[in-house]
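Each of the next two complexes has chain A plus one more chain, namely chain B in the first and chain C in the second.
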Partner chain A sequence: MSEAQHPSLVVDGLTTAFRVEGRWYDAIRDVSFSVAKNETLALVGESGCGKSITALSIMGLVPKANGRITAGRVLLDGRDLVPLDETEMEKIRGNAISMIFQEPMTSLNPVLPIGFQVAEALRYHTALAGEAARARALALLEHVKIPSAARRFDDYPHQFSGGMRQRVMIAIALACSPQIILADEPTTALDVTIQAQVLALLAELKSETGMAMIFITHNLGVVASIADRVAVMYAGDLIEIAPVEELFEHPMHPYTEALLSSIPRVDRDAGDLKPIAGQVPPITAMPSGCRYADRCPLRVPRCTKMPPLVALAVDPKHRVRCWVRAAEESANA
Partner chain B sequence: MSAVAAASARGAWAHLASGIRRHKMASFGAGIVVLVALSALLAPWLAPHDPLEQDVLLRLAQPTADFPLGHDSFGRDILSRILWGGRVSLYVSTLAVLIAIIVGGALGILAGYIGGLFDRIVMAAMDVLLSFPTLVMGLLVVAMLGPTVGNLILAITLTAVAPFARIARAPTLAVKERDFVEAGRALGFSNLRLMVVHILPNVVDDILVMAALWLATAIRTEASLSFIGLGVRPPTATWGGMIREGFENILDSPWLAIFPSLAILVVMFGLNMLGDGLRDTSDPRLRHE
Partner chain C sequence: MLIYIVKRLLVAVPTLLAVLTVVFFFVRIAPGDPTFIILGDQASQQAIAAVHHELGLDRPMLVQYLDFMSTVLQGDLGNSLVTHRPIWNEVANVLPYTIELTLSALFIGVVLGLPLGIAAARHRNETLDYAARIFSLLGLSFPAFVSAIMLLLAFAIELHWFPVISEARTGDPLSRVSALVLPAVNLGLIMVAYVMRVARSSMLGVLGEDYIRTARSKGVPARVVIWRHALGNALIPVVTVVGLYLGVLIGNSVLTEIVFNRPGLGKLIVNSLNQRDYTMLEGLMVIYAFIIVIVNLLTDLTYGLVDPRVRQR
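Moving on to the complex of A and B:
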């Protein structure tokens, strides 16, 4: 499961900028991580931290009118996707990399039968056509456990519940047996019980097919139940990446620590919840140094001057982007 | 792609058909339209006499059992001429509206989807077309290019393209922002596929409602142009032409003009009922009432 053995997808120094009132600002900055086959990497962070921008950048779906990837590489089996043109990317999207969206209620076309929508991806990316595509689409719907899939094949999205629709979305994403699946908050819009079912289904499908999964969420409970490794993002920076138990037990970045201590827990008094003081800086006024510096209790003068590099902790799988903690670690080591 | 388009069209038709069935006014209008269309299609078998056969002795003859709608100023059977005239009127207006739907719908969806400068140029061109009153546009085209069936169709098409482009563009602007289009993009679908397979079926309802109303307008325009002598050349029967011929004898033999006028009235009535009904059924605010 080590990322060094079979990195399926490598994101290296990815920087994506957006234009706000005529000026370009980095929405994500120097983001690097990799995902191996049969591995789930959770990308966590609060709203607006750049999780979805990272996903869109990997897919090559950054809106061209006011956004662009300014630096970095996205390597799929060693092939850089960033310089590819639209036609080449169309062959990769939905085929080698596919995406599951947050809103199952609106991500399906309301006027097309669901079976058709599953078969469409197959017809488009594979040699399957006609009855063969239909048969495979039906098999996929059965695979994601849609009850009486054959009878419901020609039903329309509005005839399905949210959880069932998300299963249809998963079937569509899986249609072409992708190497990587990008799940952008796939359970956020669902009931808790349905969430658990969908998470179990995703985990099962992942281990069956051996695909890599990047799971975007802001729900740390979901992270604990599905992820192998976790990457934490803050204000466009990837600040810490570690195996899931390691991150929960030994968070190193002060933001990760603060994030973990702000989760309500049944076994603790609600008074123990610690909100993080201050706010995320707006994209138009990002500090040049550490973007968390303003809110950070450990701040030293160097933090506000230079952006911290990714430092290795004791464990080489655990990396953190913090001057203070990196210095502590190297002192200990 | 054709199988794909067929599947999406099937969905839209099924939706519309069930809408019409549930709506009394729409089904009544649809019934009238189907009857008129059938009578025009089957004119060669239904018409009791040759529409061009003249009989000087029966000039302006009153309706009789054999000739229920009477004779015109050349002694031709008016019933047969109305049936045959319906063929020309419906053929010209249906073809014109069909071309307008395809051209206008494609332009509207493209303009809405692509946006930016392309959108502005296309819509400015449509505004120019819209600024011509239908009859003036008809006069211009037919006077410049000559009164042939083809030019008549061209004239009516030109007046109808702009409204269809507008009616297709507006929902495209809304639909292209919806999640399923983004999801389609994430599945690697090309822009063409997104427009044809995913946006078109969401827009087609609005277009078809307009189609019924514009078919009525097209029939009226064709009749108007024929009435002022710019339509299909005599002796071919058209409703507008028949009214004009009958107009000269409106006081002593009113049936010459009245019966073709009634034919137009009935079709317009049917199409407007159908169009209004379709609009009701495709308007979600009215759908549940």
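Moving on to the complex of A and C:
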């Protein structure tokens, strides 16, 4: 399961910028990681730190009106997706890479029957058409455990609950057995009990198919149960990445430490990452050095002058982006 | 869908009754006694009473009202005060011309306005979008009769492509069509402006929706995303505007019919106003009420076709 073995997807130096009032600002900057077949990488961080933009950049779905990828590569089996044009990306989306979105209530088209929306995912990537596509779509809906799927095939999204709609989204994403699935907070909008069901379904489907998954979440409790490795983002930077146990036991970046110490106890409500003082700066007002400097208890003068480089921790699978901690590591080594 | 249609029909009936009631009282309350028009203002008390009796105006209001409603609902609009011919015959003579004009304008408006609006939305803030927006602004602010006169000057008087004096009434289908082109284009261009404007803005809204991103994330080709996923949703406000604008269109057709000298409801109205044909005006108001109710009904039914959430209500 090491990322070196079979990297299904390699993200390398990915930088995506948005134009705000005539100027371009990086929303994510120099993001690098990889995911292997069968592996789940959790992408965590506070709201606004660039998790969704990372996923959309991989999909080639950054809104064209004011956004673009300015640097970096997204390698799928060694092939760079960034320079591909729209027609070529259409062949990859929903086929080799799928995405599940956060908001099940608005992510399905309200004027098309759900069965049609599932079958449509097959139509453009497989030879299936007409009755065969319908039969396969129905099988998919049954697979994601939509009750009486046959009867509900021609129903519209507004006739389904949030949890059921998210199951439909999962069926759509799985339709062409993608190599990798990007799940952007797929359960955040759901009730707690429904969340657990949908997570269980995703885990089950993933172990059946052996696909890779990038699971974006706020919820560190979910991370512990679903992820193999964890990447932590802060203000558009990927600041730490490590196998899940390693990260929970030996967090290195001060932001990761703060996140972990803010996890609610089991006896309290499972919850969001919030209680660190201060907030993520907006992309239009990023500090020039380390973007966490304002909130960081370990800050040294160098931190505000230069953005920290990525450094390996003792374990080569553990990388961190911090002047102080990287220096400590190399001193220890 | 069937239940939805039945429900809409059931709602249309009381609406129609209400509108007819308004027409009835509007005509009674409006100042001026029609008998003076018939008899002149020197008429004797006796003559006035006789005409009142003949028109049934001496009966109690409630009786008049019930009588009005029952005859109207039987399709009897009474006779013209001026020609003494049945109003329904006069209307039926010209109604096809108004309908063909309105429908051609509607057709032009939708067939040009919709794709233009969609293209403008897809190429937002590009040349095409600016051009389309300027055109729509012109179309919305230009009075219909001015553009009618300009069309006549250019295409009939200068270029002789179309007749100046309409021959709409001839039996020859070709000359009927050629008489229709300019007036239909005149009204149609305004319709294009309206449809383009809403199509553009509702398309822009829809293109930012999550489900469009979902469709793209499935690898659905851009063309299909636009025409199936986006348009299906963007049509809903367009239907509203087309429905509302059909009413305006009928109003605009009055001026257009006069400029192009076409037979039609518009000309009939103006003539009966000039001649103070009071029963004719009442009949025409009833006809308009019917038309508006039917247009609303069609609009509602179109909603049902476009939006599953509506038809399952």
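The definition used in the following text is that the second predicted complex is superposed on the first by the 323 of 333 C-alpha atoms of A that agree within 3 Å, B and C clash if a C-alpha of one lies under 4 Å from a C-alpha of the other, contacts with A are read in each partner's own complex, and residues count from 1 in each chain.
Methods note: a contact is a pair of C-beta atoms (placed from the backbone, for glycine too) under 8 Å apart; a residue touches a chain by one contact, two chains touch by 3 or more.
On a predicted model such as this, the values are computed, not experimentally measured, just so you know.
S.K.: Following superposition onto chain A, is the placement of chain B relative to chain C best described as a clash or a fit?
M.R.: With chain A as the common anchor, chain B and chain C collide in the superposed model.
S.K.: With the two structures laid over each other on chain A, which partner does A:130 touch: chain B (first), chain C (second), both, or neither?
M.R.: The answer is first: A:130 touches chain B but not chain C.
S.K.: Looking at the overlay, does A:92 come into contact with chain B only (first), chain C only (second), both, or neither?
M.R.: Both chain B and chain C are touched by A:92.
S.K.: Identify the partner contact of A:110: answer first if only chain B is touched, second if only chain C is, both if each is, neither if none is.
M.R.: both
S.K.: Which of the two partners, first being chain B and second being chain C, lies in contact with A:158: first, second, both, or neither?
M.R.: Second partner only.
S.K.: Return first, second, both or neither, reflecting whether A:328 touches chain B, chain C, both chains, or no partner chain.
M.R.: Neither chain B nor chain C is touched by A:328.
S.K.: Taking the stated contact definition, name every residue in chain A that is touched by chain B in one complex and by chain C in the other, in rising order.
M.R.: On chain A, the overlap between the chain B and chain C contacts is residues 59, 61, 89-95, 98-99, 101, 103, 106-113, 120-121, 124-125, 156, 169, 172.
S.K.: With touch defined as at the start, can you tell me which chain A residues reach chain C in the complex?
M.R.: It is residues 59, 61, 65, 86-87, 89-95, 98-99, 101, 103, 106-113, 120-121, 124-125, 156, 158-159, 169, 172, 175 of chain A that touch chain C.
S.K.: Looking at the complex, which residues from chain C come into contact with chain A?
M.R.: The touching residues are 124, 209-211, 213-222, 228-229, 232-233, 306-309, 312.
S.K.: What does chain A use to touch chain B in their complex?
M.R.: Per the touch definition, chain A meets chain B at residues 59, 61, 89-95, 98-99, 101, 103, 106-113, 116, 120-121, 123-125, 130, 156, 169, 172.
S.K.: Report the residues of chain B in contact with chain A in the complex, numbered from low to high.
M.R.: Those in contact with chain A are residues 3-4, 7-8, 11-12, 15, 178-180, 182-190, 193, 197-198, 201-202.
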